[in-house]
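The same chain A turns up in both complexes below, where it pairs with chain B and then with chain C.
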Partner chain A sequence: MNLWRDIKGTLQAYAVTFGYLFRKPTTIQYPEEKRTPAPRYRARMVLTRDPDGRERCVACHLCSAACPVDCISMQAAEAPDGRRYAAWFRINFARCIFCGLCAEACPTLAIQMSPEYEICKRDPLSLVYEKEDLLIDGGGKDSDYDFYRHAGIGVANRRGGNADEYGPVDPGALVP
Partner chain B sequence: MPTLTIDNREITVPEGTNVLEAARALDIVIPHFCYHEALGAVGACRLCAMRITDGKVSGIQMACMVRAKDGMIVSTLDPDAVELRRHVIEWLMTNHPHDCPVCDEGGECQLQEMTIAGGHGNRRYTGKKRTYANQDLGPYIAHEMNRCIACYRCVRTYRDYCGGTDFGVFGSRDRVYFGRVRDGQLESPFAGNLVDVCPTGVFTDKTFRFKSRAWDLQEAPSICPHCSLGCAVVPGARFRELQRIRAGISPEVNGFFICDRGRFAKGSTNDPARPRQPRIDGTPAAMDTAIETLRTRLAAVVARYGPQSVALLGSPHASLEAAVLLRDWAQSLGTTRLVYTAHAEQDRAARITGARLERHARSLNDIRGSDLVVMVGADPLAEGPLLALAARQAVRGGGQVAVIAPQPVELPCRASQLILPTEQLDAALHCLAGGAATTLDATARQQLEALREQLAGAQRPVLVGSSARLGGRGVNTLFDTAEALTTPERTIGVMMLLQGPNSYGGAMLAGRGPNFDMLLDGIEDGRIRALVCLESDPIGESRDPARTQELLGRLDLLAALDARPTATVARAAIFLPTRTGIEADGSYVSNEGRLQAFARVMEPGVPLRDTSPAGHPPREFFTETPGSEPWPAWRVFARLLGRSEDLAVLRREIADLDPRFAPLAGIRPEAPGSRLTTTPGLPHYQLDREARE
Partner chain C sequence: MTELLITATLILVKLILIFAVVLSLAAYMVLAERKILGRMQLRYGPNRVGPFGLCQPLADVIKLLTKEDLVPARADRVMFLIAPGMASLIALLSFAVVPFSPPVTLFGREIPMVVCDLNIGLLYFLGLSSLAVYSIALGGWASNSKYALLGAIRGLAQLISYELSMGLAVVPVVLSAKSFSLTDIVLSQADWPNMVRHPVAFVIFMISVMAESKRTPFDLPEGENEIVAGYHTEYSGMRFGLFFVGEYINVIILGAMVTVLFLGGWHGPLLPPIVWFALKVLAVAFCFIWTRGTLPRLRYDQLMHFGWKFLIPVALANVLVTGAVMLAIGS
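The block that comes next holds the complex of A and B.
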């Protein structure tokens, strides 16, 4: 009885393997062949730009605070027009676990996960990306969003000039 | 002492406490903005709603506006109260610019916290927002009015608490504006407190603009080193740079506020000119080698000229631990030529203060509650700004301030001013004590007699003096006056403004020792051959810089330990770099004899912005931090003495050996500190011992 079951089990496995010999393979010949990951795939991050082509990142430190492995660091600076930006911005991809928490935390949609998964290097230091390495030309996902057109501190538009704002009040006016 | 029930828990609070405070005492934190411990409650923000059942005031009430009464039943979790709070925070947010990512307050913002605590998450309002124009308030404070929630804390701080007049609230309706009439630098020397007090990002520290997030800062409880009052501060550092300083909370000393010097003067920690490399005869050396060279060269001087040929000079800026070890080192070398201040007159004044303060000692909090403050020769805004602020609180509480000084003294409060030349201050003090002051003119005498009457009638009077202006003789007279006017019912308090954060500690250690002028005489006639300066610059700080400069040139050995690029450091044959109070643990004894510890905020090193041209950390690995050579001064002496280099052990040893410093054993920087008792019977520094040894 048991012997019969064992023989059947052995042959069945051969039968399955044999059956696959005549089907189209699901594996590909990487690296000669490459797959296109889904757009939501979480691989190395990029820094995107706003619709006017300016850096979106305002160096708010939220991504670095959210990152569970502390691999993002930056320094904020102020441009003459009052715009806050990253003087330098660095991600250590040797440490990143591609969890996507940084992209989720980003209030300006600057940092986004891209499907670029091929970033293995022999030298760990070459996995430390600076802002220049991270910046891309386009806006990525939600490319029409511009933080400064919503934050009411008068950088992209003059003060009180955003679509959802009244112009500055006159504190001298005492009319009820 | 009413007993009330909040959320089914009973608590007994002092009379006059409001319900919000009572809840806080039970660790129940209800969102609030306008209430502040130092400023009180005004009921402006409408956020602290609670339900009160039973009694005259029942229903939903602003907890900060209701006094705790016996038998009150309060609920903070009442659904109506919770809903009201949620609506109020939603209203407060309707005009908010939603710019937290670019706001420096973000991360330590009460508005962020209270919005979450109040339960407001989704914006429903879709209308347009109100906006304001900003003002340029000078180089220290940034202004972003769109973030304001009209809690009025800023005006209450600036105008009411600090006595500033050039800032206020304008406008009407929903257009109230907090600022100045015109753009321009805020005039009050306490303007920086707006940064701490504003619960939103309207006022932020411009010197810290966009430098770091609060959560990235290395912070530790510390003591301000800029004057002798010893205010609590919390410095914050990142990337080896001291980036900002905010006020610490110390109820007995500074309360909640500090002055702008304490906040914006960052001292030598980041100074690019700061000497960080140990040097022997101008050549860089390792710390160990430099210390050993100091030891052997001093031994050579001692062998040739005897131990008394070595003189040691401490400083009002060095930590108490370093000062005590300096004394121990002097003993081990066998020299009695040990001084703690290069300025002989200030030294004398400090020693007299240390010896005579005893029961007259008063804290800043005592001054805030005083009914008569008499300032003789003191200029608080220059020598100890928080004292001026404390005097203002005395006036606000119904007290009076009288000033006797060579020129009108600017104060943030009402004060009667009696102008007398410096040389007559002594006579004025005699006159206050009831002496016949024949050198004074009649009007002055009349005013002083009236003041004497006032002093006699005052319940909590304090005499304020200044070691810089009064000198040894004047300080002594001030104490005589305090004693003469003291009655069995009440003691006259004294607060003496001294030179530096540890002047008092140095004075306690100096005892009967010589002063620096005597050391100079010793150098002049060749008895003193070697001088070691601990964080002191005799060339810049002594009474006669030219003479000092000339005489230091005659020494066989000049050694200096310092963190500042001083003239003495430049001339020293052996130089040992020391750490600032930001980079080392230590303690100071403030001018009221209060021993307070400070904790290390960061390790020493050249700030990243100076070492890296690209601004970011280097792309190579190093194990050495550039500029990390400096040691805490106490560690240098511990090494020279062959003692433990563990501060906790050293503190215990100091406490065991010298009972005056007993509190040092278990001292904690986050604790309020304790006033030292000068041992009775310890010899007073003899005023008339003018004769040079």
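The block that comes next holds the complex of A and C.
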């Protein structure tokens, strides 16, 4: 037993805690002080619009299939111009675990996670968000992305009848 | 007859004063502890209820009083119900012998500022501090829960390993005061506090007192991460509150004892005696909180080892040496 070392080790700890007494606490006093979350913070989801201001969502159900807690539901519909959209779109945030799988699954970047983390409500039913609550005006992350243009398909005509459309890929060709 | 009446009234007034002061002090000790511990861990501690969280004790009391008072099935009901009361009561009783200021003269009467100046005050205190473990033992036993029982057993085992060194540490104090009365002990420290005259005894007493108060690093009876909450696992509501308050009253009374025995009681320059007394008690209480924020809990066997193989031999040697030196210089 090294007595001197033990005594020193004990007393040093006292000095450290006493020093901490005069440091500024790192606590964020929540309702008054708020931390700004990073832009990629994964909190409440939003539905974004494409650069032309139309709804990006094509009601493909991929997000609701990916969701591990099955909290997304929707009804698909088709506009007169052939473009699909969600007649209604509902996320139950009382069940959502904010895993981000829906945002990852979405091919049109319609559903995205936003940094809005203050969604504490007294009534769980008020946590069920409808499409109107979810839709925002901007494009969110990657706001230039337009699924239809990227996929090379205009929606005025059926597949194969559009001017800016590539021809079908020849599966036998070796050219990349 | 009137003489008797006046004395009785005086004692009653002093009792009520002490009761009120100690209880409210205990409530605010809880707040102080939470705040100081918070600052030591770079948090704020409670600061929402009232300005700076000063109404927090009130909120805590309301919460504890309105909670359900559960008695576990097949618990020893009577024992279970009285154990928490014992914890607070015994802690409060010790205050009867603590002199907190020199006698004051009021209307031509000399009023001693102590409820009862027993000539065996020190022994009374030591006796009560041993009794205090009964509340833990009975509470733990009556709960009919293994965790509570383990806590109670630890409390008892802890008692025998620190009581001895605590008793031995006060022997030099008694030797130099030549009295068991706490007032005489304070008076004997008029020029030098015992802390300077008997430093080894002071350190041993401080350590034993920490063990006596059952707080870190000696909070084995309630070691949260092993036995849930130890002896008060099964308690809820105000009965838990009584254990809790008892702990803080204990901190105050032990602070008062350290002050009286080693820090020179009310002696001090400039300020009035009662202020000195209060300051010293609060300083010791701060040390308790500081220790809680600093040291981790000892293991069961480490405590035994430390108590029996280190503290007691050192305390014994200290008594012998002190006695020999006192004989030699003939004081």
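FYI, the second predicted complex is superposed on the first by the 137 of 176 C-alpha atoms of A that agree within 3 Å, B and C clash if a C-alpha of one lies under 4 Å from a C-alpha of the other, contacts with A are read in each partner's own complex, and residues count from 1 in each chain.
Just so we're on the same page, contacts are C-beta pairs under 8 Å (C-beta built on N, C-alpha and C of every residue); 3 or more make two chains touch, one makes a residue touch a chain.
Since we're looking at a predicted model, the values are computed, not measured.
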Looking at the overlay, what does A:73 touch: chain B (first), chain C (second), both, or neither? first
Examine A:18 and indicate which partner it touches, taking first as chain B and second as chain C; both and neither are also allowed. second
Contacts of A:58 with chain B and chain C, given as first, second, both or neither: first
Which partner reaches more residues of chain A, chain B or chain C? B
Write out the stretch or stretches of chain C touching chain A in their complex. 36, 38-44, 290-291, 293-295
Per the touch rule, the chain B residues reaching chain A in their complex are 97-102, 106-107, 127-134, 144, 146, 170-173, 175-177, 179, 209-211, 213, 215-216, 239, 614-617, 619
Can you list the chain A residues touching chain B in their complex? 58-62, 64-65, 73, 75-78, 84, 87-88, 90, 107-108, 125, 128, 130, 147, 150-155, 159-160, 164-176
Which residues of chain A touch chain C in their complex? 10, 13-14, 16-18, 20-21, 23-27, 29
